[in-house]
Amino acid sequence: MSWLAVLVLVLVVVQIIAALFSVWQKDLLLAALGTSAISVVLSVLFYLLQAPDVALTEAAIGVALSTIIFVIAIKKTDRYEE
Amino acid sequence: MLYYIGAISLILIGMYAVLTKKNLLKIVVGLSIVDSGVNLLFISVGYVKDATAPIFSMPSLTADKMVDPVPQALVLTAIVIGLATTAVALGLVIRLYDHHKTLNINKIRQLKW
Amino acid sequence: MRKAIAILLLAIVGYYFINVFIHMPFGEKREGVGKYYLENTVKETGAANVVTAIVVSYRGFDTLGEVTVLFLAATGLGAILFGKRGEKRRLQGASVIVKTTSMMLYPMVVLLGAYVFVHGHLTPGGGFQGGAIIATGVLLMFMSYRHFNVSHNALTWIESLAGLTFATVGLIGLALGTTFLQNFLPLGTPNDLVSAGIIPIIYIAVGFKVGAELTGVLDNMLKTIR
Amino acid sequence: MEFSPVLYIAIPLFAAFLIPLLGKVSKTLVKLTPGIVFLYLSYGSILLFPKAMEKPIVQVVAGFKPPFGISLYYGATAAFLITMVTIVGFVIWLYSYKFIIREPIEKYYMLFMMLITGSTGILLTGDMFNMFVFLEITSIAAYSLTAFLRDKDGAEAAFKYLLIGSFSSTFYLLSVMIIYSYTGTLNFADIAGKIDLIPPMAKGFVLVLVLVGMGIEAEMFPLNGWAPDAYSQAPSPVGAVFGGIVVKAGLYAMIRIVFLFFKTPEVMQFLIFMGILTLLIAEMAAMRQHQIKRMLAFSSIGQMGLVIIALGIGTMGSTSAALFQMFNHALIKSLLFFAAGYLVFHSGSKQIEDLEGLGYDKPVTSFFFAVGALAIIGLPPFSGFWSKLLILVSVAKAGDIAILLLILTGSVIEAIYYLRAVVKLYTRKEVPDNVRRTPISGLVAMGILAAIILYVGLYPGVIEKWLAPAANNLLNAADYIKAGLF
Amino acid sequence: MISVPVILSVMFLGGVLAWLANRFVPKGASWTAAIIAAFAGYLVFALPSCGGEYTLALGSITLVWKSTNYSALFAMLVAVLGFLGILYSMDFMAGKKNLGYYYMNFLFALGAMLGIVYSQDLVSLFFFWEVMTWSSFMLVIYSGEEKSHKAGIKYFAYSAIGAYLILSAIVILYAQSNSFLLSENVKMFSGMSLGTQIMVISFLALGFGVKSAMMPLHVWAPEAYKESPSGFTAVFSGALSKMGIFGLGLVVFKFAANTEFFVYVRETLAWLGGLTAMLATFYAVIQSDAKKLLAYSSIGQLGYIIVGLALGTPLGIMAALFLTIMHGAFKAMLFMSAGAVYMRTGTTSLDDVSGLITKMPLTFLTALFGIISVAGIPPLGGFISKWMLYQALLETNHYFLIIVIFIASTAAFLYLYRFIFSLFLGQREKEFEHVKEVPWSMLVPMMLLTLFVLVAGVFPGLVLDPIGKAMGYLGNFKASWEPQVVFSAWGEKINMQVIAGTIGTIFILGALFIGFKNRKATRVVSTKDIHTAGEIPTENENLTYAVNFNQPFERAIAPILKWSVDKLFNLLGENLESTFEYLRYVYTGNGQTYAMYVILMVVILILFSGSIFGIHL
């Protein structure tokens, strides 16, 4: 197993953990940050998959914008899940 | 292979959130996780082992050593569309919160039968 | 109960899902349009970045749709949140350090965004990424300054004009007797800034448009009263 | 510049981009723009329609030959449905002219124009991923329009629609992905030729994904939970847009894919089964509705069930009957939504109960509602009769008397609940003096629809002669492949 | 050149014209309608009985309209009754709201009926069938009251079921023969498979049976008849329900006659008709509303007609068609007289009205002739048809049916007597002292029909002539008759004029006798001033003798009345609706549940893809 495969394994696991975290987290702000984490990892994975264009887009849109609109929406509503 | 499993797990986790979480924002979070999963899956479908990114930035690069560019182009579009959906969904969530003062989907059931 | 059913159903879906993908070849070369693009992009479009060429040229129509989707999101959000705007924001103004830094960063971020979409046909990135970067820059200002406002008039003009540019470039192709969105400019030498025919024009339009639209989305959501 | 099919997509889009600028000049200009667009598109239809009936027009975008570039396939079916969309769209615009009085008016028309772009895009495109893009355009415009009134229920309906719609697009995207990974192409015609490259298991999975994903758009039971809410809570013209345009586009997409890639007897059988289920359950649910627009929504679902049955039979006769029914349903359901919109507006209540006496207070609007009701039940002098008759004939020809009887059961239920509403309308009751009048533009819109319905009812030949090429185009996959790849 | 489309367009355009006339001229609608009905009636009679053919190509479907001997018979009935009904309505409806609507639908209904009989292809048959249903439905709900709406929806629901059964039969036929033409289908029918034949015949028979109120599909009729305005009820019962008979005639003799199971079709229909006749009569006896009573009577009479048709012998068909015409006339008379009473007293309840004979003598005379004719007493028209019907039953050895019919005929006396007695005879209440005879425009149609019933009774040949031709269309039936004469089963000729003369003399003498004998022999007391021993009736208690008039009989038939078809259908309907109610709970209103359905659907399709799509995942 090459170091690349290990890296991918780690990234995938991190991604799944982040996903589970954002699904189960009661604090929505943290959940939104969880999706942001997913996007960061995703962006790296895209880079590893030789897709720099997509990685850049994911970084700009997934990490930054998407998270920010989530945060704004949370600000406008309730922060905590009942 | 690992990519596939990771992507599919993301899709399933996202769907699980959509199906069971009561909070509207959580549901939207679920939708965006599903989107991420689909995008990852699509890019990995286009991957070719030991190939480079499909950009002829150096003369040494040749066409037969590049990954499939089509999925990348499609995913670019898909990411933007996902963002648009998320934005509209969040707008609706804000509206719903405005009217119902709650985010619990079980309490937002005026229309039925 | 619902959770159990959901898990059960998703487990079944997941099982078959993986079953389908496990048989799918991973990392192998594929015959098809992808190969054609790799071999002919430089020749046909003059763009070094194949993905960009596909996005803007071969599948330019998708991009037009994509721009529309974003425009739609901005419009839809405007319609959904209409009448809920207010100037009273709960956001606290940031500290002086943050303010100064963002004031300095703002032009640079915008410039970076512009660079990204102007060089879309040469390097990774393009209209969308550039536009998103510009929007992030604007967001920075929103965060730092309580009373930072974007001119709606300007946003509308940029959005519309950029969109019209895209559509008009497409229609010019049609008017010249060829097809919609067909390239009608010389291709130039690959890897030059002024090359690849209409790709830079479209990407610049897209960049402006996406930047304006995302700013609009942010503005719409931020200015909404709770 | 010759009129090219791509203009069906580009012109509304252009208008959508232009409207905010026009809004700076004057509101009237904003309101007029869609009308001009539709008139221009109808002019285009007049030019292109006969040509497309003879031979499909395949228009390349960006000058690259299919399958490398995106191509538009303006065949007889697409021509038929697009003409329908232009007619319905024009009438909806006319109706909206005075009906939509809530700000932001220009946003309404922008969304409307983009929705038209999306639907014509779905009908025209010859590329699988491009269809996804247009599907998303249509859906997002539809979500926003559903919540356009910004009331409690509208937002709820829109959110449900969005939730289910996301599943639809996800499934569709997954199926595009699987197909691409095996065939390496996205062009419909190209895929259809290479469909055997996909191993059976993946093919089955794709089929399931497409049926479910597109079934959501085509309101197939049990995937249609979004529909009654969205139809009933959106502004009335938008209800007409859903019934007349969005669903038709979704159904076309599903049928095109199924007929091109998966046309096996088993799948057709499944379509018939789902159609019957959709029809009966929707009609039964409609019978018990208390809100008029919700009732119309369920009736719309039922009608789609009928169309799905007819498509599932898959003979030449049944397919043309299904197209005819789609055409009629688009017009008639729009008429009903228009009339119901003003009836609700006048009575100030969405309940059927509260419509009492409006037949005498607002005679013209009520009359149009009654005409629509009679037409959709399939009463002879109206166009609905012919399509229903043709469907029944094709069912009987296929030898399935049980299906015939089930369809007729649905029709009986439908007749009864529509009748109840109409009778309610004409129950004598003193209504408080109501100074509000149905505006002329609304009446003209309804009048145009009623006139077309009556005209087609009296001379079904007008439409009927175009049905055969359209059905042939839909059924004949080999021709599609040949024309699509030239 | 008179052809069918001319007549139809006169009717339909006339309807629109009447509606328009009402907008501009007060009373315009009624005059327009009367003139149009008269003109169309003239056209119907002027149309050659085999001709007026017109073909219209509509897309891939060809419509053919033509007058045949069979259709001419029914067309004449429709035209005459329609004209008289409109004439009657002129004053009956005067001063009511929405007269334009009334006359428009009236003329539409007439036009549709003519369309039905002239249609030579199944599509236009169905087309006009639906138009007829709708326009008559509009007239049933004319009053706009809750009750009439209930009755209307009931009528419509049954009609819709009937119409769709007819439609499915038409479609099944088309699938086999590739033609909508009646003649083509008849020609090819014997070559179709047994299943098709059975389906087509049963669907058509049921569909037409609904309109002719055959038991157990009659439930809509009493209320619909009661709620419609009397001027139209006359046409409704007299002509519109005959369209069912028209259709049944086609089914039995054009379609079923070419099949192997013809005899079963006939027997079934005959027994259904017989039961209809008997049960409807029983129900009629217990009614306390004049129009409902007449409605049940009408159902019963249609039962006789069905029996006659189903016998399939020349005599039987002749009886049936004769009764069709006669029933049209006398039931119209009865409904018109009931309407006249309603117009003057405001009610049709048998319990409330009494003793109108001196106030409305001509109306009484009409009613009297009507009931005599219904009862089948010579020398009026009803007698001839009953006579022939019994002959036909004897001829074909249907002895049990004879008993059933006989019971029905006898029981009919009970309600008929009640009808005339309660309304016209007996002692008059004070509140009806100022009742006047109805205006001439209502008397004229009644008198004309009375005259017709009398003439047809004395000279049956006048009516038998077109009937004989119609029978020629239905099949190769050679019917023989002579004017003024009926045959008995034993080959004897009975001269109607002799009978008429005899009975007429006896009648007049009897009337004179009673008149003289009872002169000033009665003492007038209030009918409501009845003191029973020990009990003081309350004011609201109606103790008129007309209440519970036929109570003993009612007790006798109580076991039969207990299980009413009406209740059964109502129960069924309610249960169905509550089932629907549960079904729609599928739409729970929770978006997540809908999403769950989506996933569930995916799972089901995946798991069963082997059996559904034949692809194993």
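When the chains are written out, they are named A, B, C, D and E in that same order, and each has its own residue count from 1.
What we mean here is this: a contact is a pair of C-beta atoms (placed from the backbone, for glycine too) under 8 Å apart; a residue touches a chain by one contact, two chains touch by 3 or more.
Everything numeric in this text was worked out from a predicted model, so none of it was measured.
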(request) Return the chains common to the contact lists of chain C and chain E. (result) B, D
(message) Just to be sure I understand the contacts, which chains border both chain D and chain B?
(response) C, E
(message) Count the C-beta contact pairs for A-C and for C-D, then tell me which is higher.
(response) C-D
(request) Please find which chain has its CA centre nearest to the centre of all protein CA atoms in view. (result) D
(request) Starting from the Cα centroid of chain E, hunt down the chain whose centroid lies farthest away. (result) A
(request) Report the inter-chain centroid distance for chain C and chain D in whole angstrom, where each centroid is the mean of the CA atoms. (result) 30
(message) Can you compute the centre-to-centre distance for chain A and chain B, using the mean CA position of each chain? Integer Å is fine.
(response) 11
(request) Please report how many Å separate the Cα centroid of chain B from that of chain E, as a whole number. (result) 68
(request) With chain centres taken as the means of their Cα atoms, state the distance from chain B to chain C in Å. (result) 16
(request) Quick one: which residues in chain B touch 2 or more of the other chains? (result) 3, 5, 11, 15-16, 18-20, 27, 41, 44-48, 53-55, 66, 70, 72, 74, 76-77, 80-81, 83-85, 87-88, 90, 92-95, 109-111, 113
(request) For chain D, jot down the residues that touch at least 2 other chains. (result) 129, 133, 136, 140, 143-144, 147, 150, 155, 158-160, 163, 167, 180-181, 186, 201, 205, 228-229, 285, 288-289
(request) For chain A, jot down the residues that touch at least 2 other chains. (result) 51-54, 57, 61, 65, 69, 72-73, 76-77
(request) Please list, in label order, each pair of chains that touches. (result) A-B, A-C, B-C, B-D, B-E, C-D, C-E, D-E
(request) Would you tell me which residues of chain B are touching chain D in their complex? (result) 11, 18, 24, 27, 31, 34-35, 38, 41-42, 45, 70-71, 74, 77-78, 81, 84-85, 88-89, 92-93, 95-96, 99-100, 108-111, 113
(message) Please output the residues of chain D touching chain B within their complex, sorted ascending.
(response) 129, 133, 136, 140, 143-144, 147, 150-153, 155-160, 162-163, 166-167, 169-170, 173-174, 176-177, 180-181, 186, 228-229, 232-233, 285, 288-289
(request) Enumerate the contact residues on chain B facing chain A in the complex. (result) 2-3, 5-6, 9-10, 13-14, 16-17, 21-23, 25-26, 28-30, 32-33, 36, 39-40, 43-44, 46-48, 51-55, 66-67, 72, 75-76, 79-80, 82-83, 86-87, 90, 93-94, 97, 102-104
(request) Please give the residue numbers of chain B that touch chain E in the complex, ascending. (result) 15, 18-20, 27, 105-106, 109-113
(message) List the residues on chain E that touch chain C in their complex, please.
(response) 592, 596, 599-600, 602-603, 606-607, 617
